[in-house]
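Dropping the structures in below, format is structure tokens.
One chain, chain A, links the two complexes that follow: it is found with chain B in the first and with chain C in the second.
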Partner chain A sequence: MHWPLTSLLTLAWRNLWRNYRRTLIMLLAIALGVWAMIVMSALMRGMTDQMVRNGLATLPGEAQIHHPDFRLDPSVVNHMSMPAGNLLAQLNSAPITAWAARLRVPAVLASEYASRGVTVLGVDPVQEAALGSLPETLLEGRMLASPDDRGILLGASLARRLDTGLGKRIVLMSQDTENNVADRGVRVVGVYRARLQGDEERFAYVGRGALQELLGLEQEVTEIAVSAADYRAVDAWLPALRASAGPGLEVLGWTELHTFLGTMLAVQEGFVLVFMVVVFLVLSFGLINTLVMAVFERTRELGLMQALGMRPALILSQVLLESLQLLALGLLAGNGLALATLLPLRDGVDISAVAEGMEMMEMGTTLYPLLAVNDMLLSTAVVLTLGLLASLLPAWRASRLDPVRALARH
Partner chain B sequence: MNITWRLAWRNLWRRRRRTWLTVGAMVFCNTLLIFLISVQLGSYQMMIDNSLGAFSGHLQLQHEGFDEDQRIRQSVPAVTERALQVEALLAGEAVAARGVAYALASSEERSFGIQVTGVQPAREPGVSTLPGLLREGRYLSGADGEIVVGALLARNLRVGPGDEITMLGSGRDGSFAAAIATVVGIIESGIPELDRALAQVSLPWFQAVFNMGDHGHSLVVRLRNLERVPAAVVALQPLLAGAPELVVLDWDQLQPGLRQAIRSDMVSAWVMYGVLILLVAFSVLNTQLMSVLERTREFGVMLALGVSPGRLARLVGLETALLAALGLALGVAAGGLLGWYLQQAGFTFPGMEEMNARFNLPERIYPPVTLASLLWGPLTVFLGALLAAVYPALRLFGLQPVSAMRAG
Partner chain C sequence: MLRTLFVTPLCLLAFALPAAALDADSIVRQAIDHYRGQSSRADMTMTIHRPDWERSMRMQAWTAGDEKTLVRVTEPRKDAGNATLSVDGNMWTFSPSINRVIKVPSSMMGQNWMGSDFSNKDVSKDADIVSQYDHTLLATEEQDGHRVWVIQSVPHEEAAVVWGREVLRIRDDWVLLEQQFWSQDGELVKTLRALAIEEMAGRPVATVMRMAKTAATEEYTELRTHAVEFDLELADSLFTLSSLRNPRQ
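Take a look at the complex of A and B:
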């Protein structure tokens, strides 16, 4: 069967503009719907992305290696040796971009006025810098210089609670490998500011070598944090890392280490789709309405076409084409509007007014909308698929008109 | 029935299908809004209740600056007597005194830095849900040397009921403080931050160990409901008269994140609702504009017969109001049914359990249907629909009878 596509397209296009007010209103509605789909997904995606990034910066890394008992019993007793052999080779090969071997131990810090329980991180500053896990902002003093640095880096909030400051000495107490409490005076060499106040109060940084010496370790560590840039692609390299680490070590990806973040990401993906479908459903009532009216007004004309020999299939496709053109124009406008809204917001939206509420969700004070091409494609797919489905009924009714009755109408 | 009403009602049903489709859009949107808003308001209420109920209470009386710095010297003198005074000022509300200190806790095998809270065992259950969340053992009896700890702390320290914990810290005067406590109970709240940090002993023993004298750090007040907070703050002012260093903090100051989290969630939710409502309004605009345009001839005749344009505009307005009222009534009915069902059956989605634990919410929520959650959304949709009729109605004022009667 021959499909006179060009003439059908022209016919549908002209029909679309016969009642230009109705078409414009519907166009506006579709554009608004598509705009909302894309902008809302970009905001949600930006929010989740930032939560995950912040979470991974303090976790740190997208995967971690521990002694199998360490996560349930975070004591220095459950230590492991520095990576060597296969594991070391794997850590130094692509796609892994950075890794850091660290000592993470619970400890008490005491000044002459107060004491606090914290998590002390014994780090190699060079490795941590590559991983991006050191605090971003240094308020006073300096960062740690080397693994053997004997100073301590404190969060500003913790320093205030301990009533101490730059240059002062505090006592670090922690359990050594023999289950005895080891302590040593350390000098505050730097005060940092973290994105989240909770982290400032929780983490203090010291040199890895200095901490090993205090706790009676040689070269052992309790944690290896591994990063390969894209947090969505962990599954690509995790099995190889796990294999090279051997059965004596536990290698876990971030979704298992930080289940809240993993769930968050999954829920957000699902929610984007649900939101798009819901917006479309509200839109679809108007779309069906428009098409039903357009067909109704043209009953006589459609009857005449059929009487002149136009096949029902052609009439059906003519109405569907009309709907498709309307949807396509709406999509174009909606995508354009969304881009025009999101591009100026690239540098972030200030949400510091609700900063402490955002902290509950591990967010900073600026929201960076994240425009994903996938979301634009997804919204297009949702609108076109469901839109054509919704148009089927009016189009089918138009093609099933009885020419004689239709022509008899006024 | 007035002739305009009758006319409007009949006009509405001239295009049966179109009217139903428009009403359908409103009903769908209203049902959705009732569902979303009742889940939203219900979870805010639970978020506040559970967060405040767990530990912080609705109000606290503290030394100025203690909330920020948590230093042991920022204490409240004569704390138990003050608890009685607060109780007298706020008849019928629960009050308890607490003291807070930091110590190195060591079991036989492990050592951790912990925050020790001294509580009044008889009063604490009135202000906090934690004493009721015992997993093992019992709560404090008031005797010296007893301690209850959070489940994760117990796991980290590798202790169970009957085991001893040594605490080393410093007292209020900077002196060395040391004590041995026996674990009598283990509390599991399901909130990791609490379960990892919780350690409670009885207040008199706490005061003795940490050299506090009769001092404590906070008086915690739990009110029967949130609405009583402002009145209670005022009622407590006489207590502050003789003690300028003391302050009363309400829940918003104690947990500033809570209200902000709710506010930010509310903003993003209303942007979403706004989009849905606007889309429905477009649908109504389209319907009403079409219905006005197709009646141009008819309106021309009516104008020629002496009906004023104002009256025609009122007719169109009335038609829209009837249309919107139909959407409102059916929407509230459908949404109310759905809400009522969810109130019984509860609501959850995959992943909600982990997300909710973050905000002290249970894994399944039973959103209560209230007048606010039932009417807030649908009334906004109703108003949006009325606004949408303004443009079609205004067009009537520009109509010329003669040319209108000739219109196709």
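Take a look at the complex of A and C:
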């Protein structure tokens, strides 16, 4: 059968602009719908991405190694030795980019006026810097200089609550491996600002060697944090790490260590699609209505074309092409609009007005929209597929007209 | 102002009396020994005063050396039997109502002891002042016919002490008249004061001592000693967990 595509396209295009007001309104609706799909998913993606990144920066790492009992009882009693042999070789080989052996113990910091329970991290500053787990902003003083640094790095918020500050001494109290009280005066050498206020109050940093000495340890640590840059590709290297760590240690990826974040990421992927489909379902009623009206207005004309020998299949494709052109224009406009909205927002949206609420979800005060090409393609696919499906009904009806009756209509 | 007040006599002393530091050390040592004895047993009442309420507890306390303390509440009845044992910086409490010995975790050492203005740490480490500080004699004063030494005690860099410095006023018969706790900003945070001094068991004893915060004068804890014995034979078994649970005296 001869398929006069060019003529069909021309026909469809001209039909589209016969009632240009209606077409423009429909275009606007589609464009806004597409814009909403893309912008919303970019914001959501930016939010989850940031939640995961923030979560992993404080976790820290994408995988961690512990004594098997440490996660249930995070006490220094459940310590392990520094990595050696196979494990050390594995940690130093690709794709692992950074690792840090650290001591994580519950402790109390006391000043003249107050005392607060915190998690004290005994760290090697060089290893932690590679891992990116040290606080980003230093307000006053200095970072820890070495694992044997005898000072302490406090969060600004914690320093305020303790009514202490740079250069002052506070008392660090914890328990040693025999469950005896271990305490020592430490001088505040630096005050940091974290993205989340909660982290400022939760974590204080001291030198690993200095903490080991206080707790009666030799070279032991309680945690090894491992990172390989991309948090989505952990499964590629985790089994090898687990094998090299041996059965005496627990090696877990971040989705298991921080199940909330893992679930969050999985749910978000599905939610983007659901959101797009819902937006389009609302749109499709308008689309169907427009096409039904267009066909209804042209009943006589369609009858005439059939009487002149145009096949029903061609009429069907002509209506579908008209719908396709409408959708394509809407998609173009919508994508353009979305890009125009998102590009200026690349450097983040200030959401400090709702920061307190967002902090519960481990969010900072700035939201960075994350535009994924996948989301744009997905929205295009959703709009085209569902749009053409929705147009099938009016197109089918147009192609099934009886020419005699259609021509007799006034 | 305060700083200059303290620094000036300090400098003078440093030049005038090279042996002053040593003296200050032994004065403090003497005062603590005087207060605790080689061993001691005391019967006392602790009164916790707040603007809107006040309560008192009668208790017995035993000490041996610098590191062993046992305190047991005898009155009122609902608190009777509550006891605290401190050995070598560790601390345990026993409460008959739950019939359990609980080790005070390090996280709670900074918290107050039985609701008073003393912290758990004050109770378990009150002899630390001798070894964990550098003592300097600031001045010698006359008061009620006694000589009174004013001693400044600055904690060692890594001592587990939050204070910037403490100022002790010790009378020449080794009674601790006053202990001031200064913050690192040079602010007086709280003061322990002897309000009454009596002769007991052959030596002068501060029978009423009051710990008060500078910022809240209506909040204080008072320790009133009714009877005290010094340097008696105390069995080692007294300072054990089983004795904490089952009083044998």
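Heads up, the rule we're going with is that the second predicted complex is superposed on the first by the 410 of 410 C-alpha atoms of A that agree within 3 Å, B and C clash if a C-alpha of one lies under 4 Å from a C-alpha of the other, contacts with A are read in each partner's own complex, and residues count from 1 in each chain.
Definition applied: a contact is a pair of C-beta atoms (placed from the backbone, for glycine too) under 8 Å apart; a residue touches a chain by one contact, two chains touch by 3 or more.
A quick note: this is a predicted structure, and the numbers were derived from the prediction, not measured.
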Are chain B and chain C a fit on chain A, or do they clash, once the structures share the same frame? clash
Which of the two partners, first being chain B and second being chain C, lies in contact with A:Leu283: first, second, both, or neither? first
Report for A:Val181: first if it touches chain B alone, second if chain C alone, otherwise both or neither. both
A:Pro74 contacts which: chain B (first), chain C (second), both, neither? first
A:Ala36 contacts which: chain B (first), chain C (second), both, neither? first
Looking at the overlay, what does A:Leu28 touch: chain B (first), chain C (second), both, or neither? first
May I ask you to decide whether A:Val404 touches chain B, chain C, both, or neither, giving the answer as first, second, both or neither? neither
Which partner does A:Phe260 contact after superposing on A: first (chain B), second (chain C), both, neither? first
More chain A residues in contact - chain B or chain C: B
Could you look at A:Ile170 and tell me whether it touches chain B, chain C, both or neither (first, second, both, neither)? second
Where does A:Val349 make contact in the superposed view: on chain B (first), on chain C (second), on both, or on neither? neither
Choose the clashing stretch of chain B with respect to chain C from the list 21-29, 183-191 or 201-209. 201-209
From the superposed pair, tell me which chain A residues show up as contacts to chain B and also as contacts to chain C. 106-108, 110, 112-113, 115, 117, 173-175, 179, 181
Give every residue of chain B touching chain A within the complex, in rising order. 15, 17-18, 21-22, 24-25, 28-29, 32, 68-73, 102-104, 106, 108-115, 155-156, 158, 169-170, 174, 256-265, 268, 271-272, 275-276, 278-280, 282-283, 285-287, 289-290, 293, 349-352, 354-355, 357-359
Within the complex, chain A is touched by chain C residues 88-91, 103, 105-111, 155-164, 181, 183-184, 189
Spell out the residues on chain A that touch chain B in their complex, using ranges where they run on. 19, 21-22, 25-26, 28-29, 32-33, 36, 40, 43, 72-75, 106-110, 112-118, 160-161, 163, 173-175, 179, 181, 259-260, 263-264, 266-267, 270, 275, 278-279, 281-283, 285-286, 288-290, 292-293, 351, 353-361
Residue ranges of chain A touching chain C (in the complex, touch as defined): 106-108, 110-113, 115, 117, 150, 164, 168-175, 179-187
